[in-house]
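Notes for the one structure printed next.
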Amino acid sequence: MGSYVVVTILSYLFYLILTMSSGDLGLWSSSELVVGIPVALVAGLAGGRVFGEYVPASLLNPIKWVLFLYYVFVPFFIAMAKANIDVAMRVLTGKINPGIVRIKTGLKKSMSLTFLANSITLTPGTLSVDVDEESNDLYVHWIDVKNIEPEPAEVCGDFPQWARRIAE
Amino acid sequence: MGMEYWAHFFTLIVLVIGAYLAVFLRNLLASVIALSAMSLALSLEFYLLHAPDVAIAEAGIGAGLTTAIFIFALRGVRRD
Amino acid sequence: MMELGGWFMMAGVLLVVFGFLAVGRSALGPTVPDRVVGLDTLNTYVVAAMIVFGAAFDSVIYVDIAIVYALLSFVATLFIARYLERGL
Amino acid sequence: MVGKALKWVSFLFFAVMLIWGLTLIHPFGEPLQSDMDSYFIQNAQKECAANNVVTSIVFDYRGFDTLGEATVLFTAVMGVTAIFRGVMKK
Amino acid sequence: MRMSKIVRTITALIFWAVVVFGLYVVIHGHLTPGGGFQGGAVIASSTALFLVAFSKEEFLKKYKDAFLSLAESGGLTLFISTAFLGIGTTFFYNFIANSGGIFGNPVPFGVNNGDLNTGGTLPPMNMAVGLEVFGGISLILFFMFLGAYLKPFNKEESEVHKE
Amino acid sequence: MSGIVALFLIIGIAFNCLGAIALYRFPDVYTRLHGATKATTFGSIFTSLAVVLYGFTKWAYTGEPRFCVLAVHAILALIALLLTNPTGAHAIARAAHRSGVMPKRAVVDKLAEREGKW
């Protein structure tokens, strides 16, 4: 039930963002504000059935949103810039030492696992290949293998802590 | 004006390469991939010719759903 | 004031040229996953090029097509990936 | 033998037609304007009260085309459903 | 069999966004590029997204396929009846445009200025065609997805599935 | 301001170019995915940010609402790209490994060890 309400509100907000700056009532015209309600109801009915299983309710905490914005703009962006300089060096020199290693993440929710996997795909030298469905361990393609059985901090820094703090 | 000419030029080259590969590749899955690339380039070409309606239709039907239906058909004949 | 149409046009043309290079990988690639990588890269380039051309033409509503394409190319990639991993 | 000759003749015919058409090709990206085009561009927005001229042509001036298109889609769905109906039972 | 956990989570995250975007394209069909056919295809691709990330059992558990048939037939019926309403002049006559009532305002020139109350019979026809295209393409995808299970990949599976 | 927009465009084009070169320099699927995904996503962020900045600046100067629409829709397309691009790369990598394409010059492959192929 809660997921239906959340998806309906999200859909209404998304519709308003799509039709921004269209008229007289502030940024929106009155007909857009009215038509958005049935659109949001339909999308909530369709999307709420699957949303609640994968997105935990603890994400409704506003402190996590602030943390998320900080995470995206500061640590994540710096890691991404480093990743691209790293890729540039490897493209120019052609020096690789690849391998697929397994890291224990210790995360429980699938949302935080997704957060971690997408983060480490976009950050230096790592690409998430597969995921163990039971134990939530990630198989990571590491472009510069230093250790056959590494600790998580060795591969992806402090991203597991960020994932636990933000998305769990 | 000159730049726009080169945009058309390279988009059409991608289009022709995609069509050629879609016909002449032996692997059927690779053929479907080439067809998807061709459809994408066709959508970009409609976009450059200022026909956004056709571009949306081509992006939705040609690139998204036609690939899906071809994959189902390949799954039916079991040849890859 | 800001007359940047030429810059945007130039950037769009360069993105299309990189898309041409990505199709080259899609044509050469020895295995099928290589070709899918080429297609995925081409998708990203074309979405970026559509956004940039929307600014170059000063035709605002054209950017909608970029959103449609960013969402739907994901569907096509997932279908090909699921067929490749023998899941379908 | 006849089949091979037919293949070559059809191929040559197609190639000659394509090259002939290529010599007559119109400049790229500059369509000719006919009377119908200028009528639509000048009057469609006033008559149908819609900004998108393409939609007003598809659903108003050329509505029968859209009806046929919808019927074709309906027929295709009926065909697919008739073929795969038995799968649902299993 | 389903795809990996990451793909499923991202699908659950963007599923409603695809539906809202398709409805946006349908509703703004007479103001911005797009229309019933394009918007219906976008909404139908949300069905494709669900089918490819999850499985057919999950689809059948969460949504009814009778709903898709209803959408298809209802859309076509709505389209033809809207066309019939204008038969006082001709079939497909746009009788509400510029009449002042619902959907009857004249439109000012401009890009996406949010005047949804214009267009005469065009918005209802857009919605009808969008409903029909959504139902039709979703049904085709769904039945072909079921049919793809008919022939299994290798020899042992085919022995199991022979019945 | 136009200088910043041009700078963003140049940075974005440079990283996109890097992605296109990475497709040709690397030996197998996984390393190509590394180059392609990272470089093209980063480059697309910069080119889209140039468009967003251009739209908001024009909106502030001229007051026409259509430039605001341009910026907002560019942000939405960017968010869609950021969500779907790494997920697509993950799906391709998983499919490649399951369809039997092994990483070249690999020193360790735990995933193949789990499936008994190593």
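Just so it is clear, A, B, C, D, E and F label the chains in written order, and each chain counts residues from 1 on its own.
The definition used in the following text is that contacts are C-beta pairs under 8 Å (C-beta built on N, C-alpha and C of every residue); 3 or more make two chains touch, one makes a residue touch a chain.
Quick caveat, the model's predicted, so the values are computed rather than measured.
Chemist: Taking the mean of each chain's Cα atoms, which chain ends up nearest the overall Cα mean?
Modeler: Closest chain centre to the overall C-alpha centroid: C.
Chemist: Farthest chain from chain B, going by the mean of C-alpha atoms per chain?
Modeler: For chain B, the chain whose C-alpha mean is farthest off is A.
Chemist: What chain is the most remote from chain F, judged by the mean position of CA atoms in each chain?
Modeler: The chain farthest from chain F, judged by C-alpha centres, is D.
Chemist: How far is the middle of chain E from the middle of chain F, if each middle is the mean of its Cα atoms, in Å?
Modeler: Each chain's C-alpha centroid was found; their separation is 30 Å.
Chemist: Can you give the whole-Å distance between the Cα centres of chain D and chain F?
Modeler: Measuring from centre to centre gives 36 Å for this pair.
Chemist: Cα centroid separation between chain C and chain E, in whole Å?
Modeler: Distance between chain centres: 25 Å.
Chemist: Give me the residue numbers in chain F that touch at least two other chains, ranges are fine.
Modeler: 33, 37, 41, 66, 69, 73, 76, 80, 83-84, 87, 89-91, 94
Chemist: I need the residues of chain E touching at least two other chains; which ones are they?
Modeler: Chain E, residues with two or more chain partners: 3-4, 6-7, 10, 13-14, 17, 21, 25, 32-35, 37, 42, 45, 48, 52, 111-112, 137, 140, 144, 147-148, 150, 153.
Chemist: Which chain D residues sit where two or more other chains touch them?
Modeler: 52, 54-55 - these are the residues of chain D that touch more than one other chain.
Chemist: Within the complex, which stretch of chain C touches chain B?
Modeler: Residues 6, 9-10, 12-13, 16-17, 19-20, 23, 26-27, 32, 35-36, 38-39, 42-43, 46, 49-50, 53, 57, 59, 61-62, 64-65, 68-69, 72-73, 75-76, 79-80, 83-84, 88.
Chemist: Show which residues of chain A lie in contact with chain E when the two form their complex.
Modeler: Residue positions touching the partner: 7, 10-11, 14-15, 18-19, 22-23, 28-29, 31-32, 35, 39-40, 42-44, 46-51, 53-55, 110-111, 113-114, 117-118, 128, 130-131, 133.
Chemist: Across the complex, what residues on chain D touch chain E?
Modeler: 45-52, 54-56, 58-60, 63-64, 66-67, 69-71, 73-74, 76-77, 80-81, 83-84, 87-88
Chemist: Quick check: in the complex, which residue numbers of chain A touch chain F?
Modeler: Residues of chain A touching chain F: 17-18, 20-22, 27, 80-81, 83-84, 87-88, 90-91, 94, 96-102, 117-118, 121-122, 125, 127-130, 139, 141, 143, 145, 148.
Chemist: Looking at the complex, which residues from chain F come into contact with chain E?
Modeler: Touching chain E from chain F are residues 66, 69, 80, 83-84, 87, 90-91, 94.
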